[in-house]
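There are two complexes below, and they share chain A, which is joined by chain B in the first and by chain C in the second.
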Partner chain A sequence: MSEIVIKTDKLTKRFGDFIAANEITFKVNKGEIFGFLGANGAGKTTAMRMLCGLSIPSSGQATIAGFDVYKQTEQIKKNIGYMSQKFSLYEDLTVLENINFFGGIYGLTDKELKTKSAQLIDQLGLQLQAKKLVASLPLGWKQKLSFSVAVLHEPKIVFLDEPTGGVDPVTRRQFWDLIYDAADRGVTIFVTTHYMDEAEYCNRISIMVDGVIKALDTPRNLKDTFHANNMDEVFYELARSAKRSE
Partner chain B sequence: MRTIRFLLQKEFRQIFRNRSILAMVIVMPIMQLLILPLAANYEVKNINIAVIDNDHSSYSQKLITKITSSGYFKLTGYCFSFKQAYRLIETDTADLILEIPHDFERNLIRENEQKLFVAVNAINGTKANLGSVYLLNIIQDFNAEIRLQFIQPVRFNPQPVIDITSSNWYNPMLDYHVFMVPGILAVLVTMVGGFLTALNIVKEKEVGTIEQINVTPIKKYHFILGKLIPFWILGNVVFTLGLLVAWLVYGIVPVGSLFLLYGFIAVYLLAVSGFGLLISTFCESQQQAMFVMFFFIMIFILMGGLFTSIDSMPEWAKTVTKFNLVSYLIEIMRMIILKGSSFKNIVPQLGVIAVFALVFNGWAIFNYKKTS
Partner chain C sequence: MKQFLIFIKKEFAHVLRDRKTLLILFGMPVVQILIFGFALTNEVKNAKIVIMDQANDIASQQIISKIRASRYFEIAETIHSPQQIESAFKKGNIRLALIFPAQFNNNLMHQHLAQLQVIADASDPNNATTLTSYISSIIQDYATGIAKTSNIPYRISPEIRFLYNPQLKGAPNYVPGVMALVLMLVCVMMTAVSIVKEKETGTMEILLVSPFSPFKVIVSKAIPYLILSLVNVTSILLLSVFVLDLPINGSILLLFAESTLFIITCLTIGIFISVKTNTMQLAMLISLMGMMLPTILFSGFMFPIENMPVPLQVISNIIPAKWYYIIVKDIMIKGLGFSAFWKETLILVAITVVMMVISLKSFKIRLS
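Let's look at the complex of A and B:
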C-alpha cells in the first residue's frame, strides 16, 4: 500500500544568511492528502517550490515521484501539478482556452483535450462561463479552475499552495470535494493552508515553524500529543514560539 | 512542434485582445511615418534675420530684397543699431544679424571693396551654421552681380571663377523625405520588435503566469520561440504597413528587390526581438524592462545614423556603432530602397546581423531559468 512518492532528507534552502527551510525531512505516501502547515513566513512556499523543481535546494536530498530535485527537475514537472498561491492562469484567456493551452503544453492529444475540457467544465459547473475571460470569474471559481488545470494531465502528485485563501466557506467545501475526488483517483495531494478545519481533512499534517518541521502526524495524534481539543490549539501551541514574522 | 502551436495560439489570442498592442502595431507606424518626415527636416527654412541698415542706399535695399526673396530667410527686424538687433537675438526673434555699414554703396562702387558684419545665434547649431552659409552664398551672388554691372567686361576675365555644378545621385531632388522615411521605418521596426518582446515575458513574470509555465515540462527553446515568432510576425506587419505608407504618401518605391529587403528584415527582427528577450530575462518588472530598453534604444537611434551621420563621428563612436543593430538596418534600408543594392552588397551587414540574432537568442535561452 504505502508507496512513497515524496521523500526528503535534510532539505535546506538558504537565501544568503537567511535559512528559509532548514533540514526538513519527511515522506509522503501515494494517495495521501498531506497538509503542510505553518505561519506566514515559516518557509512553506519555499519548501514547496523546491519539491516542484522551481527552486534548487541549497543542501539535502529529495526525490519526487522517484526523480531527483537537483538533476531531474524536468521529469518531476511531467509528474506533478502545481497551483501557486497567486492565481496564475491567463486572465486574458477564456476558461476553455486556459484548459486547452495548459493541456496542450502537457502534451495531451487533441482528442484528450476535447473530452477532458468538456468533462472539467461539467464537473466545475462552468458551462455558461466556458467562453468568458477568466478575469471576469469570481475568485472561488478561479481557484477551482486552477486546481482542475493542475490535475488536467493526471499527475502523480499535485502541490497546492494555499488554494483556498480568500475563498468563501461554501466554495472551500466544494474545493475540498475536488481534492477528495483527485485523492480517490490515487493522486497524492500536498497542500498548504491556514484554515485549521481544512487541516482536519488531511490524512497527515506537518507544522513548520521558522523553517523547521516541528510536528508531523495525523490530526488525531497531534491533538492527543498536545492535549488539545482542536487543531487551532495545536497550531497556536507550536506557532507562537515563532520568531519570524512577515 | 505541437507545443509551439499551443504557445502561438495563446500568444496571438492575447495580442488580439490587447488593444494597446494593436494600436502600437497599426496606428503608430502610420502616424509616425505621416508626421515625422514632415517635421524632422534637415532643410533649414524660416531663418529669422534682423538687418541693421546703416546705409539706406539702393544697393543695401537690393541686398535685403535678395536675401528675403531667397525663401530661406524671414526678415523679423529692421533695426537702427546693433543694440536693438541684439535684443531680437536675446528674445529669440532673430537667428542672424546682418549689419550693413555706412557708405556701403559708396565703398562698393568707388573702392571696390566693402565689409559686412554677420552675427549668428549659435544655440541652434544647425540652423545657425546653415543660415550663415546660405547668407554668405547670397552675398557672394550679389557681389558677382554688381561686378557684372560695374566692372567693364574685359576680354580675359582677370579673376577666373570655378563654377561647380553637382548632381545628387539616388535622391536627385535632395528630398529629405526620401532620406528620412527609410530611417524612421527602421526605428519603428526596432521599437515594435524590441519593446514588445521585452515587455511580454516580463509581464508574465509580473502577473505570475510564468510560474505556471515553469512548472510544466516545457522546453526552454520552445518557450522562447513561442515568444519570438509572434513578435517577429508583428514586426513584419509593421514593416509592410510602413512600406505602404512610404509608397502611398511619399511615392517611395524600393529601387532594389523587395525580396531582399524582406530577407534582411526577417533576420533583423530575429536579432532585435532576441535582444528584447535577453533584456526580459534580466528584468523582474515591466518598469525595469522599459527603462533598460529605453536606454539602449535611445543610444541605438541617436547613434544609428538617422539624425547624425556616422561618417562624421569620432573613431570611438564609430566603434560603438558597430554594435548598434539600428545603424545596420538604417544603412541597408537606404541601400536597398534608395540605391537598389543587390544581395552581394549587403552580405557583410547581413552576416553581422545574423551573428547578433544567434548570440542574443542563444543567450536569452541560456539565461531564461525555469528553476531558480
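Let's look at the complex of A and C:
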C-alpha cells in the first residue's frame, strides 16, 4: 500500500458526559478519496475538527500528513485545505481578490499567485467573471471556486464538509470531476456527504453512528457485507440503530 | 508580514465597498458634531427676551442698546407691569426677562451699586444658564466701562432667579463627548460586527484552519478600524476648529496619542464582544445597549456624574469613555499637559490590558 497520510488511533472527544467521537480508529492513504458518512449528530464534524487542528482531542492519537494533532497543529494547517458546508469565500470581494487573499495567507508568492489564479480561472471557465464580486455567481460556481481555492496551495489533504449541499446534480457531477482531478494529482480527499450517490464515488467510506465508526470499507464490499443493492440501504441499515439525533 | 498586509488590504476592501458602513463611519461623526454644535449655538443666538424698564434713565438705556446690539438676544417687547412678565413667559417663546428698578442710574451714580433682576425660563436649564451668563457679562461689561472712565468702582449686581446648574458652564463640552461617543460606536460595534460576520458566513473557520494564527486574525481585523478611527478623530477636530470655532488649547500630538489609547481600549472591547457572540444582531445589540448607553449615561458628557447616587458614581468608574472624556476636555478646553491626567491615562491603560487578557483567553477557550 502507498503512503498513509491520516492515521487515528482511538481518537476521542468528550464534552462533559457527552462523547461526541468515541475511539475512532482508521487510516487514509495518499491520493485516496475517503468518504466520511453519518447521520446528523453522529459526530462527523467533531471528528473532522479534531483532524484539522481546530479542536483538541480528549484522548487517543492521530497524525495528519505525519504531524501530531496535539503538538503540531501549525504544521498540519500548512498541509491541509478545508472547505465547509457553508459557502465561505468573501462575497464582497471579486473572484480574483478571493484567490489572491486565500493564496496570500497560505504564503504563496506573487508570481505563484499569478500563474495559479490564471490557471484556476481557466479551468473553471470564469474568465468573464474574474473581476466580478463573488456574490454575483450562482451557488454551483461558488462551490467549485471554493474547492479550487481550498486546494490552491497544493495541500496534502483536503477536508470537505458536505461540499455539495444544495447544489444541482449536474454541478455536483462537475464538482466531483474537480475532486477526481485533485486526487489524480496526489491530493488526499476527506469528504463528508449526505448524498449516497456521492458515497459511491469514494474509494473507501466509513459510516459513523453515535460517535462510533460502525463500518469502514469500499462501497462494493459494504454492499456485499450488508446484502444491499445500493449505499442507501447500507446507510439505512446502520443509521437506524442510532439513538441520538441533533 | 506580507500575509498581514494582504489581510489588512482585504479588510479595507470590506469596509470601503459597503456604502452603508461607510456612511455610518464617516457621516455619523460629521452629522453629530454639526447637530450638537449648531443645536447649541442656534438656541443661544437671537433668544427672545422682554425688558421692563422702570428707570428709563441713561444707564438703563445704554445697557438695553448694548443688549440689542448683541447677536445673542432679540428684544421681543418692552413691558410695563410685573403681571406682563408672567404672561410673556407663558407664551413660551420668551427665554428671559430683564427688570430695571426705578432709580437705577441714581443708585449707580450715588451708591456706586445698582441692582437689577434677571428672570430666566429654567424649563431648559442648560439654555437658561448660558443666557443668564451672557446677559450678566454684557451688564458687567457696561459697569467696567463706566468705572474705567471715572475711576469710581461702579458695580451693578444682577439678581438672577432660577435653579443654577454649575455643571453646564462651558458650551464646548460636547465636542469631547461626541468624540468619545463616535469612537466607542465605530470601534466597538464595527470591530465586533466585522469579526462576528466572518463567524456567521463561515469564513472564520477557513481562516482558523489556515496557517494564519487566530491572534493575527484578530489584530489584522482591528488595525483598519484603528486607522479609520484616527481619520474620524481628525475630521471631528477639523470640524470643531474650523466650523465651530472651538480651538484646541493643548497639545495636538498628546490629543492623538490619548485618542489612540482610547481607540485601542474600544477595539479590545469590540473583540471581547465578538468572541462572546455568534450573530451580528446580537453583537450589534450588545454594542449598542452595553456600550453606547453607559457611555452616554456615565461619561459625564450629558449628565453630571456628581449629581448621581453613589452606586452609580462607582459604576461610572469602569466606563472607559468617562476617563477619555476628562482627558480630552483637559487637553482641548483647559489646555493642560500630561501631568494633569496621567491618572486617567493609567486607568484607561489598565482597562485595556484587562479587556485584552480576558478576550484573548476566551478566544483560546473557544478554539479548543
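One rule holds for everything that comes next: the second predicted complex is superposed on the first by the 245 of 246 C-alpha atoms of A that agree within 3 Å, B and C clash if a C-alpha of one lies under 4 Å from a C-alpha of the other, contacts with A are read in each partner's own complex, and residues count from 1 in each chain.
In this text, a residue touches a chain if its C-beta (ideal position, glycine included) is under 8 Å from a C-beta of that chain, and two chains touch if they have at least 3 such contacts.
Here the structure is a predicted model, which is why all the values come from computation and not from measurement.
Looking at the shared chain after the overlay, A:106 reaches both chain B and chain C. Contacts of A:53 after superposition: both chain B and chain C are touched.
In the superposition on chain A, no contact is made by A:135 with either chain B or chain C. Contacts of A:90 after superposition on the shared chain: both chain B and chain C are touched. Residues 52-56, 74, 77-78, 80, 82, 84, 86-93, 97, 100-102, 104-107 of chain A touch chain B in one complex and chain C in the other. Looking at the complex, you find that chain A touches chain B at residues 52-56, 73-75, 77-78, 80, 82, 84, 86-93, 97, 100-102, 104-107, 133, 149. On the chain B side of its complex with chain A, the touching residues are 2-3, 5-7, 9-10, 13-14, 17-18, 207-209, 211-218, 370-372. Within the complex formed with chain A, the residues of chain C that make contact are 2-3, 6-7, 10, 13-14, 17-18, 201-203, 205-213, 367-368. Of all residues in chain A, those touching chain C in their complex are 52-56, 74, 77-78, 80, 82-93, 97, 100-102, 104-107, 159.
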